[in-house]
Structure formats: structure tokens, C-alpha cells
Amino acid sequence: MRLPLVERSLLWFGLAVVVVLPIFYDGYTIYEFGKILMYALAVLGLNILTGFNGQFSLGHSAFFAVGAYTTAILMEQLGVPYWATIPLAAAVSFTAGFLFGLPALRLEGLFLALATFALAIATPQILKYDGISHLTGGVQGIVLATPYPPAWVDSIAVAVSGEALSVDRWKYIFTAIVVVIMFVLAQNLIRSRTGRAFIAIRDNPLSAKTMGINNAIFKSACFGVSAMYTGVAGSLFAIMDEYLAPESFTFAEAIKFLVGGVVGGIASLFGAVFGGAFVLYVPNFSDTIARLLENWIANPQGLSWTVYGLFLIFAVYVMPMGATGLIQILVRKIGVRR
Amino acid sequence: MMAILEVQGLKAYYGQIEALHGLDFHLEEGEITAMLGANGAGKTTSLRAICGMVRTQGKIVVEGESVVGKSTESIVSRHKIAHVPEGRGTFVRVSTEENLRLGAFTRRDREIEQDYERVYHYFPRLKERRNQQAGTLSGGEQQMLAIGRALMLRPKIMLLDEPSFGLAPIITEELFGILEKINKEENVSMLVVEQNANLALAISRRAYLLETGNIAMTGPADEIMNDEQVRKSYLGY
Amino acid sequence: MTADILEVDDVHVRFGGIVALDGVSFTMPKGKIVGLIGPNGAGKTTLFNCLSRLYIPTEGDIRFKGKTILDSPPHHIADIGIGRTFQNLALFSSMTVLENVMVGGHSTTKSDFFSNALRLPGRGREEKELRNRSGELIEYLGLGDVAHSIVAGLPFGTQKRVELARALASSPELLLMDEPAGGLNHVELDELGSLIQQIRDDRGITVLLVEHHMGLVMSISDKVVAIDFGRKISEGTPEEVQNDPEVIRAYLGTGE
Amino acid sequence: MDLFIEQTLSGLASGAIYACLALAVVMIYQAIDHFNFAQGEMAMFSTYIAWWLIAVAGLPFVAAFFACIVISLVGGFMVERIVFAPIADAPVLSHIIVFIALFSIFNSMAGFLFDFTPKKFPTPFGHEQLIEGVPLSAHRAGMVGVTLIMLGVIYAFFRYTPVGLAMRAAAAAPDSARLVGINVRFMLSLGWGLAAAIGAVAGMLIAPITFLTPDMMLGTLLYGFAGAVVGGLTSPFGAVVGGFLVGVLENWMGTFVVGSQLKLTVALVLIIVVLLFKPAGLFGRVVVKRV
Amino acid sequence: AEARNAPGVTDDEIKIGNTNPYSGPAAAYGAIGKTIGACFDKVNAEGGINGRKINFISVDDGYSPPRTVEQTRKLVERENVALIFQGLGTPTNSAVHAYLNKKKVPQLFVATGATKWGQPKEFPWTMGWQPNYQSEGVVYARYILQNVENPKVAILYQNDDYGKDYVHGMEIGLGDKADEIIVARESYEVTDPTIESQVVNLANSGANVFYNVTTPKFAAQAITKVHELDWDPLQLLNSVSNSIGSVVSKAGFEKGQGMITAYYLKDPGNPSYQNDEDYKAWSTFMDEYYPDGDKTDAFTVFGWSVCNTMVQVLKQAGDDLSRENIMAQAASLKDYNAPMLLPGITINTGPNDFYPIEQWQLAKFEGKEWKLFGEVLAGAVGSGS
């Protein structure tokens, strides 16, 4: 549902502030903000598929890996500059998603869940496979070169602030630019003929067909777009952490995206940002909380996942429709009172 | 005769929206009462309210007991209320016969078997389709199934939401004959929401006319039938 | 004489042991309203599903404007010019009325993926044009008040009208209507009747109407076809079919 | 002995593990119309309870076995009541998040309470070869036997009891189910309870082979899920066949086709190929949607 | 000297950071982190090191490299720890390897046996602790060459860095003949429910040596399955899983007879240490500071021993607690006899030797315990010598 104009502009303004503010920080803080945006993009990818098209995926860690490895391999094997790998990673992950989407077409609901679940489980194994380990680095993973800012960016930074740009800050700016562009494109797509077709297929595939929508193409394409978003996120991840290994792309990662999507609010672009923050902070926060229990329980470190689980349940209780749902309800309540 | 169902000041809500604005109506034991009204007037909502399927305010008393706040399943099983819902509510994945069996879910007596035959006798089409997945039945077949499933309860009260919906004329006519018969023979009280006002009024003793969540008119069926407005809007002559 | 826009030629459909259509043949003259009647389970909806290519006939052919539709995939049917409404409502329940109607116009627009993502100027024009056209249809069907409501909570009869608007949005030449009168009272029925006639007269759309409401069918149809057990049992003017003893026996009954 | 036969036998033996869990998957699917990701962890936790009853509380195996089933039944019932009742109206994706939450909680609680050292879980059947020279232990045979018994019980439950039918109805169409007097909440809770109980049996059968650790179900669940899906989610019989099939297929792939590194991947691809041709699984009832 | 102190060091505190998998697939290793925490509690209770208490901040990374990066950066940049100690796992440590070296933060005594942690030239801020997996593989290879006639080796290994390192060590040790001698290799994934199919294949390969490179649960499964198949090879069990309490006793002592393994630490499950002073000190520590800990779990011994090594380094550093000096002290351990190391095994490091422990002793399982035999051996892969 569309929010009224005032609320919508406020939301956009708030979002702009959120994206720009971190630039005043440096080091770990700005790194964290960058990761939030990166996760938001990955979550958005899943959101496009599940929220708008009604297809379920437990396997998006695979596309995250495709993007990340495309970037890493291009950088390390072919010496492509990091920024130039992004469009290539997008293309490769789109293709991977589209191709996976083709057979997935015939599978619905839980059957698709199994296929994607299997994909997630198989991903680390495939990455480790001896036949391709000369490319993927096998179990060792790949250490990437540091993405230094281009000289002209540096000179602007010196001109403006008097000091050179730190790598962390540059990584954030770079990430933010990519993520904002991707979000705008997603917004355009969703609010168009294509987006309506995605939703129509979700709501009623048979009548969508009767309206002239080629379900097969749109569903596969949606899978492709979704994979592309998550893939670009993976690519940003590789650039940001400068390291990747098969263990970075386990089933747990796919679950992370799903949690981010649902907690943020499925079928919502803004929800993805909330979801990104949730999946980054909450596990580490749960760990902190668990360790605080030390005064009452011996060795509570092991309870971090219990705390995390309780957080999830709490989140669903408070926001059964995700953060976006909660905001909509609040806006409506305020609206009623006025 | 006493009222088996008594409703006073009934308001009903979908989220923030108030769909019924304080209705008073009742159903006497052993009678058929019709409920008429335009599209969106609140007929379906009234029936759903009785079964505790929407959030309500006001008094709803069945057989002398308040049912407000009770769960749907306890209301229908305690008072033997069979509700033929709008949209039929078919259990689409199981067979026709299993749908009927589910209709008798709360019964513990041994006459269930013969009641299948009764339903099949009324709707022979269902017998032909007894092992077919119910979701693949035609619209009208599913409507017959919804009515058959309701009969399987051997109800004391029937709430029928447009029972003739999607039925062929010949079946519609038979249906009202069946309803009348069951009403007479088994003393089942019926509240019938119907667009086919001619037939509904013909078997009813009284009728209510709903307009946008309010009761606009009430009285004996034949009086209503002679009302100018009703004739124009609902009877077509 | 008008040319036949649709030819249904000896169509058979079987589901396992069940014979749903058993050699139905009839034709539809262009620009007319044809009523299709028959007992429950006679195969009317099944025939509709064949016409939208959701089912494939086990035997027989269906020709639209002289060309078979059986080799077109279902999503081309709207393109060819056949639109439909559904017996049990098949709206996009999370969308607003306007959005539903705009999806109905999917086949009349072309903008692709990239132009949509990049908001290229061409697609903006197309989008605006579709929005305006959909808005007009919504007004035409008296749905202006609810244009921006989510369809899920609307009354049944209103949803039926949304279905009609959505079907019209593809600018069909042939419109298939499956029990549009369900849940309507008498006044509403009369309105619907005139609306269908208007659709035929103003827009030149041919209508195939399935309905159990005899008052409606007999008053607006130019021709009526009756089927039973998947076979045609009668065909002709409303009067002829209405008085056909076979139709009375199988379908209408003897009561008034 | 011929490697092929040996791998087939070994596959059937692992298949029995998957079949057990697949039955629990089918049970929960019938009850909630979905798949519970925490199912494996719940089974694992039940098995720890049984282990505790035997190793710490000193109960004899049989007593602990049945006590564990009862505790799991009640536990599953309560989980549904406590955790899911308040969010009954939330969309299904929110429920999935809660499954994930339960997964985390059971997994970490097990590690916290019982630590991570592998525990030995007893079997009443023994580990000796049943027939001299045939590499099939008595426990495996016993496991197949118990799985078949469970299958019979579950089949009868769904086929012949009104509760079985009502449970399916409640899951698929809750509003209509209420209208015919079915207590939908109770059915959901009961489904959870039964699934937990079946899971407990599966866990207690699996643990003597895999050893009891908090992560013993992590991978097993995928296979159980695959078994259930291949067999057809609506069919207990299919689940068992599917479980065995997955076990054997995986071994064949690993031994004769691609080697152990990719055997899971290839086995899963095959399963998906099967599903492309039989989208409802081998024995699942095809639900036709019509308009 | 004060001015040069590392961040996180004050007059009465030294902050030490650590990442451990307290959740996820490797959570069993969390016992190491917990033991170290308890060990520092003991150090603090006894007055700390040169009057400074240890503030040990151990956080969960779930064995996921991205989370290791997040948590490590938080430890370094928010918590201002002086150093990172005993981060666990190869992929996880790899993820912060470059970062910590760039930041010049000591990454001390990482809890993994990969060979790459001993490169003082390229990574002067990173040091391992345990003997590396490859050298253990070499030790077994030499044993085979000396003791088995016409050896044919079948390998079961975990498909990750750890497993592959062990396999590689075996290959190095067997030298030119490796390809001939190794007749079968099968890998498994940590998510595999069982490894039976793999063992069946290995048994069918006609091998007379079974090289078992698995973690505890799978080790117990494999030992059981070998027995069930009536296969009777010489079994070489990697030290990761040689715990009597958590592996051999679970599989059944009768199935373990004659197995060979390598040790560098004392096995707490071995009854022969009951009167050993070293053992008693550990046992008392466990009872007092980590009563919930599993005393049959070899990880608790590991944690205790490595923690004491850290304490030794800090003691040597005295009041000069700059990062440079901490690193320098870590690189100048001379014949340090860490608690619970086998007799004859000591820790030695130098500016060019970043491999603290490089010795092994073989043991054979007899009755209910491992019996050490032969000399203390040096593994010789990657070490400076």
C-alpha cells in the first residue's frame, strides 16, 4: 500500500539522512554501516522474489556466493579493478538465477523450498570442489586486494576536508552509491508493468496467465533479478571484507536473508534496510546479552543463539507483518487520531 | 414459540471498519426467516457474527445462552448450527465424501452412514462425484456439497448464505423444496440470506431487509413481498 | 450476415474417467451476445477454460477469427483478443482495484524490463496512458469510489464488477463471462443486463455469457446454446431454447 | 561382497534414518500445511531427554523410550500453544521465522545443557550383524522394523480416524473447519505433539548410529525433508519409500558416479529432476487447482 | 615505557580479545574459549600478571568468517583490546589475517593447525600454537613406511582446510610413492549425517591402513563402522579425535584396540596420569574454576595449556606491554614447558620460528588407554628447522 505523500517524503528524507550520516564516522562504525547496506541489498534481492513474486528461497546464499566469487576471481585472476567487477557480477548472478529459475518454475511452495534448500547446502561443497579449486581457492578461500579510492576521489576529499580518504570511508561511499542505485532501480521496476506482473503471479497465477502474462518468463526473470541483487551484495561483501571462503556462504547465510526480509517486512523496499540492520546487529547483540548473564549462569556464551531465538520470536510478536507493517499501522493510527 | 436465536444491538468490525451498526433480529424455533439486502449490506457479516467469525459488540443469544466471545467451533457444535458459508468453504484437497464426513465431525451417533445416502438422494450428482477431489467439482456441484455438508450435522439451526448461488434453476427449485421439507419434518430453524427473493420469501414466515449495516424493514414474509420497494429491488415485478 | 468470430468444433475434454465435454460444437456470430446454459457440471466452465487455453481439449478444435487457438500458449489468448471473468473470482487480492485493472491491460502494453528499471521516457507515456484508460473503465463500471481500495475486502458483487473491468482492460473482441450475476439482487441484475448490452453495442464486443439466471440470459442474449453432460442439447433464439422440452427437463424444471 | 550390493545395503540403512524423519515431516505437514525447520532440532532435544533419563536418572531403556515419547508429545503440544497461539493470524513467513527461532533455541539449549561431546545412545537391538557376513546390524534391522510400524500407525491414523481427516482439514481450510466444529487450535497443537513424538522416536533410532550431538540433525533433516518431498508430502508411505530412495541414491552417486565430494549435490539434483516430472512427488496426491 | 603500552593496557588491566564458535557447526570447540576464560579467572584471582588483571573478552563468531571480521574489528576498534588471542578456526582467522597484520595487532596462538600461521616475514603479527596438521600427517607417514609391509592406505577426511592439510602431510611424508601407496580417499562434509558409505568404499579398496582424519563424532562413527564391516586395517586416528572420553570410549574400547595416534598434550581420560602433578594442577583448576566443564574433553586441556603459554608471554613482557614487545616475547619462548605438554615436548619460538609446538609422540590404544611409545618426534613441515 502506498503511504500518503507527506509520510512518503519524510521516509525518503529519513533514508537519505541514514545513508549520508555515517560519512562523518570512520573505522569500525562506518564499516558496520556499510555492511548494513550490503545486507539490505541482499535482503532486498530475496524480498523481490518472495515478497513480490511469492516464490520461496532458502538458497540465496548461493547467489550471494556467485556475486562474491565473480568479483574475487575477476580481481585475482584477471586483474579487473574492483569497481568494474560489479556489473559483471550482476550479469553472472542474474544468469545463474534465471537458469535456476527455469526448472524451479515447475516447483511450488515446499518443493521449491527443497530445491533451494539443497542449493544452499550444496554451495560450499561446490566451491570446495577440487575441479574448480584453482579458481575458487578451494578450502583456502581468496584474499582480495584492498580497494583504494581512485586518485581523483582522494583529491576531492583532500580539498574538502583537508585529509585523505580512509579506505573504510571509501568502501562505505562506494557501497552506498551502488546500493542506492540498485534501490532506485528496484523501486522503478516494482512500480511498473513488470512489478505488477510479479505481484499478479503471486496473487493468482492462473488469472495472471489469462491476463496475458507469460508466467514462465516473468517468474524466471524475477528469480534472475532477485539473484542479481543478492549477487551484487555478495560482490560488495567481497570488496568490503577483502576475503572470502566457502564457510562464508553456508545455509546460515540464506537464513539470514530470509530473517532480514521477514522482520523488515516482506514486499517492502524500506523493510530491507531494517532487515539488513537486524541481521547484522542482532546476532552480535545477542552474544553480548548472553555474556551479560555471567553473573547468574556459569558460562552463558553458548546461550547466544537462545537469546537470538527469543529476539526473533519477540520481533514476530511485536511486528507480525514486519517493521514495515508496524510502521503502516502506526501511521494509520496517527492518521485516525488527526 | 420461543426465539432460538436472539440478536440485539449487533455491531461488527473488520479491522477498524464497522460493517454492522447495531442490528436487532431474531429467529424463532422451527421457523424459516429470510434476510434480504443489496450487495454489501451486511448479510454475510450478520451470519458470520452469529458464529463468532468476526469481532462483534452487542448481544447474541442462542438457545438462551450468550455466545459472544465463544469460539466458532464451540458455538456450532454446542448448538448444532450448520452454516453454509458464502464462497462455499469447500475442503478442496479431500474428496467429496470426506467433505461430507467432516460435516458430521461433531456427531457421535451411528446414523451417519445413512445420512450420506440422504444427501446423495437430494443431490445425485454428488454421489457420482463421491471420490473426486472436491476442489475440482464445478461451482454448482461445490454449492450442493456445501449444503450437503451442512445437512450432515443434522442441525437444529441452519444459517444459509445464498444457498442457491450458482445452482441451475431446476436444482434451486428442488433445494427450496428440500429446505422446506427439512424444516417441517425435523423442526430445523433456518435463517436464509438469498438473492432469489421469490423463492426465499415463499418458504419463509418472516423476513428482514438490510441496508448498509442497518435493518431497514422487517415483518411477515407476505407483507414484505407486497412492499413496493422490495418488489422493485428484489422481486422484479 | 455477420461472420462467425468463434467456432467451437467437436470439443472433447476428459479428466481421468470423467467426461466433461463430449463433442460440443457451436459458433458465435460477431458482435452478438450468446448465452450458454446447462445444468451444474454440464461443462460450461470447462469450455471457458478451453477457450482460455488453461485446458487443452483431448479432441476437437477451437477457432477464433478463423484461426485455431490451440497452438497459442495461454498468455497469448488475451493478445489474440479473448478476455474473461471467472466464476469464483480470481482477482489479485492484495492489489487495489486500479492495479487489478491495469494488470488486465498487460497485453496492451509492451514496456520491458530494462526500460522499466531505468524509467525510460517511453514507458512513462505508456504507463500514463494505461492508467488513464483503466481509470475510465473503472468509472464506466461505477467503481470510482473504490478505485484505490484493496479488492480483498470489497463486497462480492463489487468484486465481480472489478473482474469485468479487468477483462475489458485488455480490449477484447470476445468476452467470456462466467456467472457474472451471482449474488446480485433484481435491480443490480437489470443494471448488469444493460451493461452487457452496452459493452456489446458501444465497444462491439462479442459476449459469451454463462449464467443460471434465466431472466438475464433470456432477456439479453441474441442466441442461446444449452449443454448437458458435455453435449449440446439445444441451440437457437432464447424463445426456442426456453421452450425446448429437453432443456426444460434437464435444466429449467417445470415450476414457474 | 559385491560393492554394489554393499553400498545398496548401506544406503538402505541410512535410508531408514531418513525415512524415520520423513515420517515426522509428513506428520507436521498434514497438521500445519507447512514444514517445520525446527523439527530436527526438536527430535535431537527429545533424544537428549531420553539420554538423560537413561544415563543420569538411571531408567531402563524401555521406560525411558516411552517416557520420552510422552514428554515429547506434551512438549510439542505446549510449544504450539505457547509460541504459536499468539501469532495465529500472522502470515506464514512470520511463522517460518519462528521455526528458525525454535531451531536456534533448541540447538543452543542442547549444547548448553548437555555440552558437545558426542554421547553414546543405547539400542535395544545391539550392533551385531544380524546375519553372519551380511553387513547389516541388528540395530539397522530393528530400525527398519520400527519405521514400518510407525508407518502403519500413521497411515491408520490418517486413513481411519476422524481426527486424522479433521487435522488435514484444519490445516488446509481453518475457517471452514471451525464451521464444522473442528477445534483448529487443538488440531494444530495435537499435530505438533504427534510430530514431536514421531521425531523423538526417529531421534532415538538415529542416535545409536550417528552418536548424540547437538548438531546430529543438521544434515539429517535435509535428507528427511528430501525423502518426504520425493515420496510426496501427503503420503506417509511415500515418505518412507522416499527416505530409502534418497539413502540408496546418495550412496550410488558417491560410489559409482561422482565421488563423495559432490554426491549430495548430484543426489539432490536428481531428486529435483524427479520432481520436475512428478511435481507432487512419487506418491503424493496431485492437488489440481481449477478456476 | 608507559607511553608505548598497547591500547587496552592500563596499570591494572590488560584487555585481550578472542573469537570462538559458541554457536553453529563448530560449537564443540567453544569449550576451548570457555576454558581459557576460566583460566584467566584463576590468574586474576591469584593477583593477575605483574599486578594487572586480564580482561578476557571472548565473543561468538559462529565459525562464520564475515562475523569474525565484524567481531574482531569491534574488539580492536571499540573495545581497544591489546591483542587477539586464540581465535578459532582456519577460515575465520584467515578472514582477519591481513587486517590484524595491517593494524599491527598481535594475532597470537591461533587455534588452528594450518601451516600458514608461521610466516614471520609476511605476517609478523600472527603466530600459531599447536603443531600443524601437515606435520602430524608426516609423522604417520613415517610410521607407515617403517612399520607396515607393502602399505596400502585408505583415507577418510573432512572436506575442508583441516582435512586437506592432514592428507597433504601424509602425501609429503610418503614422498614419491604417495600415489601408489594411497589407494583410496573419501571425504565427507560436516553436514553429512553419517560417513558409512565412505567407509564401505574404503574397506573395499583392499587397503591395510586406515587413516582417519575426522572430528570426534565422525571418528566414533568410522571406528564403529570399520568394526561392523569386519575390516581389520591398521588404524591411524588424527589427534583432533584421540580423546578417550569423547571418542574411543563412545565407539567402544574393543573396537579401538591397536589404533595409533599422535599426542602432544596429555589426555585427561588416560588413567595413568592420575598421580601426575601437572595433571592434578589442571584437575584442581577445572574443579575450582570450570566445574561445568567436561573433564574428559581434551579441549579443556588444550585451553588450559595455551592460556598458560599466553600468561608466560605476558610475564616475560614485564611492564613493557607494547604490541611490539608482546610479539617479540611470543617469539622468544625458550624451552617453555607449558602445563599438560607431554614430557619431553617444549615450546620454542624465535624471530624466524613462529611454530611454538613441533613435537609429537605416538601412542597405541591398548585395553582402555593409549600407551605412548617410541621417541618424541619432530614433524618437520613448515618449521624453521
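Labels for the chains are A, B, C, D and E, by order of writing; each one numbers its residues from 1.
Basically, contacts are C-beta pairs under 8 Å (C-beta built on N, C-alpha and C of every residue); 3 or more make two chains touch, one makes a residue touch a chain.
Everything numeric in this text was worked out from a predicted model, so none of it was measured.
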Would you kindly count the fewest steps from chain C to chain D, each step being a jump to a chain that touches the current one?
1
Label-sorted list of chains bordering both chain C and chain E is A, D
Report the chain whose CA-based centre is farthest from the CA-based centre of chain C.
E
Chain A and chain B, separation of their C-alpha mean positions in angstrom
50
Centroid of chain A to centroid of chain C, CA atoms only: how many Å?
43
Quick check: how many Å separate the C-alpha centres of chain B and chain E?
74
Each of the following residues of chain A touches two or more other chains, namely 121, 125, 128, 206-207, 302, 304-305
Would you give the residues of chain E that are in contact with at least 2 other chains, written as numbers and ranges?
23, 25, 27, 30, 159, 189, 191
Among all residues of chain B, which ones touch two or more of the remaining chains?
136
Listing of all chain pairs that touch each other, if any do
A-C, A-D, A-E, B-C, B-D, C-D, D-E
In the complex of these two chains, what residues of chain D are touching chain B?
162, 165-166, 168-169, 172-173, 175-184, 285, 287-290
Residue ranges of chain D in contact with chain A within the complex
29, 34-35, 83, 86-87, 89-91, 93-94, 96-98, 100-105, 107-109, 111-112, 219, 222, 225-226, 229, 233, 261-262, 264-265, 268-269, 271-272, 275-276, 279, 281, 289, 291
Would you tell me which residues of chain E are touching chain A in their complex?
20, 22-25, 27, 30, 33-34, 37, 58-60, 62-67, 69-71, 73-74, 76-78, 90-92, 94-95, 97-99, 159-161, 164, 189, 191, 290-292
Flag every residue of chain A that touches chain C in the complex, lowest number first.
1, 185-186, 188-189, 192-197, 199-200, 202-204, 206-215, 221
Quick check on the complex: what are the chain D residues that touch chain E?
3, 6-7, 10-11, 13-14, 17-18, 104, 107-108, 111, 115-120, 127, 129, 135, 137, 206, 209-211, 213-216, 218-220, 222-223, 250-251, 254-255, 259-261, 263-264
